[in-house]
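Next come two complexes, and both contain subunit A; in the first it sits with subunit B, in the second with subunit C.
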Partner chain A sequence: MKQKTYYFLFFLFLLPVILYLAIFFIYPLGLLFYYSLTEFDYKAKVRYFVGLKNFVEIFQDPETYGYIFRTFLYTGIVVFLSFILGLAYAILVYSIKSKLINTLLRIIIVTPMLIMPVAGATIWRFLLSMHYGWINFILEFFGIQRENWLLSPYAFYWVMITDIWGWSPYIFLIMYAALQQLPQSILDASEIDGATSTKKYMYVIFPILKPVMIIALTLKTLDTYRAFDYIWVMTGGGPGHSSTTLNIITYITAMQYLNFEKSSAYGVLTMLFPLFLTLSFLVYTRVRKFE
Partner chain B sequence: MSEEKKKINRREYIKYVGAGVAGLAVGGALGYLTAPGKIEKITETTTKTVAAATVTQTVTKTFEKTVTVATSPVKTYVGISLRVPHMAGWLSQAPGIALAPEFEKETGIKIIYDMIAPADVASKQWLEVSNRTGNYDIVTVGVDRVHPKFLPYCIGLNKYIEEHWGSIKEFENKVFLEPQRSAFYEGEYRGIPIHLNAPFGVYRKQLFEDPENQKKFESTYGYELRPPRTIQELEDIATFFTKPPMYGLTGNLGGAPIPAGFVTFLDRFMSAGFDVLDKDFRPTFKYNDKAYEVGVEIARWFQDGIYKKKFINPDAATFRAGTMADFYISGMAAMAIGWCGDFFGIRFQEKEVVNKIGESGDFIIPSFRPESESGGFASWWMHGILDTCKYPDAAWEYIKWVASEKYQLACAAVQVPPFKDLAEKANKMTNPNNPKIPLLPNALYQAALKARVWFYIRDAKTNVPELCYEPWDEGLKLWGSLMANQITPEEFITKWSEVAEATLEKAGYYKK
Partner chain C sequence: MNKYFKNFSIFIFSILVSVWSWFPLIWFLMVSITGPGGIPTKISLPSYITFDPYIHVIFGGYSGGYFLKSVIPSILDSLIIAVMCSFLTIIISVLPAYAFSRFNFMLSKTIYNGLLIVRMIPFVTLVAPYFVMFNNLKLIDTYHGLIFAITTLQIPPAIWIMRGFFDSIPKEIEEQAMIDGAPLIKRLFLILIPLIMPGISVAASLTFIFSYIHYILYSILSRGAVNPISIRIVTFIQEGIVMWNEMAATTILSMIPMFLFLLFLGKYFIKGITMGAVKG
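Moving on to the complex of A and B:
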């Protein structure tokens, strides 16, 4: 094949991907940056360049620091607990030999993930309702006074619990799949060497699973950082601003204030952390590859 | 090995960061080059205020200059289709929309509804309108915080109004004028109302008419048990019926994202005879001691009703209109206040509901200052014709049909027809489910008749749309905090005033 033909075919086959990336990623991203540097005068019907004004306004608002803090708090707590719970589920199911119980457990654990987040959040909203919700009935049974949980200072934490309930199965699936791929010979060898169950996990299984754990943690962190549906349906960012995260304020600014420019600035700000995390992950994987 | 790894680490990192920055730069440039709308430096901003007395005169002059409408006596619209965005699942409008095939048959105009989820109905339309896509011919927007932005994109309708109603004055006589003024922009009306609603109260007749309850109530409070006429009576009756889990009073007092609670507060504040802004565009909460006092009193009444006096169910602080109606229908509350209009005429009259909780009566929510009582607010939605619409005459035919007696009376059990004659007619008709009550309940009709203006209309003459966005949403948030008992009524009033004042100052309405 001639070199020219080779390059022609090379670019021809790449073209769909390039177009896909350009239309669905580069263009919207560019538009986001562009909007974040402009303002729209609805009376004059024109958009004009304002430089970093939207960003300056955002950082002049003391609430912004609260949104950032809550975003990281939410991500940190939810990722950590989901990971622990998901891993615990995986180990539990992995260690049960009965096929029937194993299957039943898998179904029970995975079910929350199959429920659409909006439906899941609505279910929890009702569960936490002061009058209809059984959570209050149970608490009352134990002598704890009924509480309007989604209007209390704990509202944000209840959303976290819902998120953990909904997405720890995700970690479970990844870790359970990884556990099933463990080389049996190594496990047998560790048993011959007299390793206890705990030691087997600490010194054999977990080190082998480390790359999978990092992938699971990275994916879960990116996903949780984008959390929106549970928060929006359960609290709408309230009461007050007490559960408003960067995603929620980005949405509110666009969809309720109809200020797409400032919302884009929040969008750019929101992108920074995932960008950093993704780059770090890429570097990490390259280093691993080199090793 | 470790030295080499370190070297590659840094290089790789720089490579990725470089690629990322280059990608964003290319994206930014692409966005800049392809984004809709021109970049233009605006150096001057003007704010127009139009006094009510001059409305008719200004209007006439303006349309003479700008509007041209085909006047052919026989018009055919066969083959024309109009794209109309609407709110999905909107109970108030559903009976009217169901009649659309009749309109299509009569005119030949095909109506393509784009049913949008309530949360997105404004933003989706705004994206289309501000980007000049031409995807919609008509807009459907609410007065709450949405439509001021849309008005510059809608054509003036004065010519059409004159053709249909005879004159602008005749139209103003027919329509509930106060909210209609919010559709006034640069000398012309840009929208025609399609929906009107106002808060009112409902109560369970069975409980109120029970002889034992009447006797007990009278011996406790010294007056007869009847639908409340004052705030004190409302509180007494609510307290009397409160025996948790049953509560005396419920309401849709939720904070963000649903505006109901904050709206209820503003409604009661306005019904006490106050405006949100004074004649110098300053928040009355801050610059009028009496307004501040009443504002705090109202906010405290609701907060204490939940947390101290406990005659309002705490869940009400997260209720939306539907959940409030469910709560009331489940028999857990003796009275409900708020957006009952969507439910009273149909759902509350259903056989199963009547069998369960008995018949429901309606009452006007009492004012906190009966001596200076004034109208509260009304929810008001309009249709406007976009300036990108290719067939404005056909679009007007549709709007005219929506404003017609047939359409509006079809919806009258669940909303107020926004024209006084039709509302009066609906109030004289009987509800098909319950002949004992009017199609349009009395309390709702009375509330609508009195309803003054929305809070951003400073004095029934001047729109201050800047209040519709951030101050409005901050109000929702602060109301949420108040209902969660996180802030005091004083903080609620003061903080909201600060946000409103800062916005108005920034927009150039006044200087401190």
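Moving on to the complex of A and C:
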């Protein structure tokens, strides 16, 4: 094939996706950056450049630092605990030899992930409610007073627990698939050498799984950073601003205060971390390939 | 002794994991089959059982002084959007997946990695431009508007998955067909695409489920005429109406299509989730 036809063919194949993403992704993305640098005069109906004014306004608002802090707090705690829990699930299921119980447990573990986040949030809202909530029943049993948890300062942490409940199966699925692909010969060899199962995991299995773990962690971090549904449905960012993250404030500014310009500025700010993480992930995979 | 201890602890942990994963769900199921005053306020079972909540939400009707619209149209809306989105996603991304699999040069890799960005940035950041853009295009509150919006999110994973399947087809098959004189179009549609049918199923399942459970885009683009079930559940809460029984019934009903789907196509979905990560 001639070089020219080669490239022509490639772009011909790519045409549908390029067109589609140009309209529904790149154009809105451009609009986002444009809006974040402008202001709209509703009386004169003109849009004019104001430079970085929106960003300056955002950073002059002391609340913004709280949003940023909470976004990373949420991501950090949820990713860390989901990862531990997901890995524990995977090891547990992996160590069950009976085929039936194995399948059954897998179905049970995966279920929360398959409930739509909005529904999961509703369920947990109920579990946390003052009069009917089981969380309160159990805590009362241990002598802790009933409380309307989603209106308390702990609301944010309960949302995190819901997120862990809902999406740790994701880590489980990935880690379990990876465990199943381990070569049996290595495991046998380590057993012959007399490794106990703790040692087997620490020194044999985990080092082999390290690349998968890094991928799983990266994907999970990006997914958790995006978290919106659970927070929005359970607390709506409240009480006060105590569970408002960058995602929530971007949404609220646009859809409730109808301030598209400021919302776009928040949007640009929100985007920075995932972009950075994605790029460093790409660099990491490239470096690994050359090793 | 040691072995018994191990088995015993595995047993205990399995029970704990099951309770943690399923208890909230089972409890909500209980709530959905009891009426006003039936929900216990301490550790016990519902005091009586009735299917009224389901009747209220399926057929619509008055409950506690509020008029409830039937939720079946909402579930249908969600299903329509999810199915159409799956079709559109596959149609758009099957050819690019082939291109990324067979054309290997610098630019192709860059574009492929660029797709990662579409998937990785939080979509809620685009709320304002999306709202303005769809408003200008008169796409708000229409089926095609919602379908177009949600498809954007689903394209990159679909391409990754199908590319993986194209990669696994041996080049010899294609070369053989080329020698036999089949033109590219014929090779593609008569040989390659039938061969990656499993890949298409995986991508379509993933797309179906993620567009069924989506919330953000629907919430900015739906204004009542098209009312997906995820929006419906949230409106229940946000209107401040506390009808836990009906709310539970709606939530359980919303899960039924998902469970049916997973019963038959669950393995494709799980394959889709794990594929990208495990293969690297």
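Here is the rule we use: the second predicted complex is superposed on the first by the 283 of 291 C-alpha atoms of A that agree within 3 Å, B and C clash if a C-alpha of one lies under 4 Å from a C-alpha of the other, contacts with A are read in each partner's own complex, and residues count from 1 in each chain.
In this text, contacts are C-beta pairs under 8 Å (C-beta built on N, C-alpha and C of every residue); 3 or more make two chains touch, one makes a residue touch a chain.
All of these numbers come straight from a predicted model, not from anything done at the bench.
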**Request:** Look at A:282 in the shared chain and tell me whether it touches subunit B only, subunit C only, both, or neither; answer first, second, both or neither.
**Result:** both
**Prompt:** Once the shared chain is lined up, is A:225 touching subunit B (first), subunit C (second), both, or neither of them?
**Reply:** second
**Message:** Per the contact definition in the header, classify A:237: touching subunit B only (first), subunit C only (second), both, or neither.
**Reply:** first
**Asked** Looking at subunit A, does subunit B or subunit C touch a larger number of its residues?
**Response** C
**Message:** Applying the document's definition of touch, where does A:64 land relative to subunit B and subunit C: first, second, both, or neither?
**Reply:** neither
**Request:** Determine, under the contact definition given at the top, whether A:255 touches first (subunit B), second (subunit C), both, or neither.
**Result:** both
**Message:** Once chain A of both complexes is superposed, is A:29 in touch with subunit B (first), subunit C (second), both, or neither?
**Reply:** both
**Request:** Could you look at A:114 and tell me whether it touches subunit B, subunit C, both or neither (first, second, both, neither)?
**Result:** second
**Prompt:** For A:102, is the partner it touches subunit B (first), subunit C (second), both, or none of the two (neither)?
**Reply:** neither
**Message:** Just to be sure I read the superposition right, which of the two partners does A:190 touch: subunit B = first, subunit C = second, or both, or neither?
**Reply:** neither
**Prompt:** In the superposed view, which residues of subunit A touch subunit B and also subunit C?
**Reply:** 25, 27, 29, 31-32, 35, 131, 232, 236, 254-255, 260, 275, 282
**Message:** Touching residues of subunit C toward subunit A in the complex: what are they?
**Reply:** 10, 13-14, 17-18, 20-25, 27-28, 31, 39-43, 91-93, 95-96, 98-99, 103, 108, 111, 113, 116-118, 120-133, 148-149, 151-152, 155, 159, 184, 209, 212-213, 215-216, 219-220, 229-230, 233-234, 236-238, 244, 247-248, 251, 254-255, 258-259, 262, 270, 273-274, 276-278, 280
**Message:** Under the stated contact criterion, what part of subunit A meets subunit C in this complex?
**Reply:** 6, 9-10, 13-14, 16-17, 20-21, 24-25, 27-29, 31-32, 35, 89, 92, 95-96, 101, 105, 108-112, 114-120, 122-127, 131-132, 134, 137-138, 140-141, 165, 169-170, 173-174, 176-178, 181, 211-212, 215-216, 219, 222, 225-226, 228-229, 232-233, 236, 247, 250-251, 254-255, 260-261, 263-264, 266-268, 270-271, 274-275, 277-278, 282, 285
**Message:** Show me the residue ranges of subunit A that touch subunit B in the complex, using the header's touch definition.
**Reply:** 22, 25-27, 29-35, 38, 40-49, 129-131, 148, 150-153, 155, 232, 236-242, 252, 254-260, 275, 279, 282-283, 286-287, 290-291
**Message:** Which stretch or stretches of subunit B touch subunit A in the complex?
**Reply:** 5, 8-9, 12-13, 16-17, 20, 23-24, 26-32, 34-35, 37-42, 45, 119-120, 122-123, 126-127, 130, 145-146, 149, 152-153, 245, 255-258, 313-315, 317-318, 327, 332, 469-470, 473, 477-478, 480-481, 483-484, 486-487
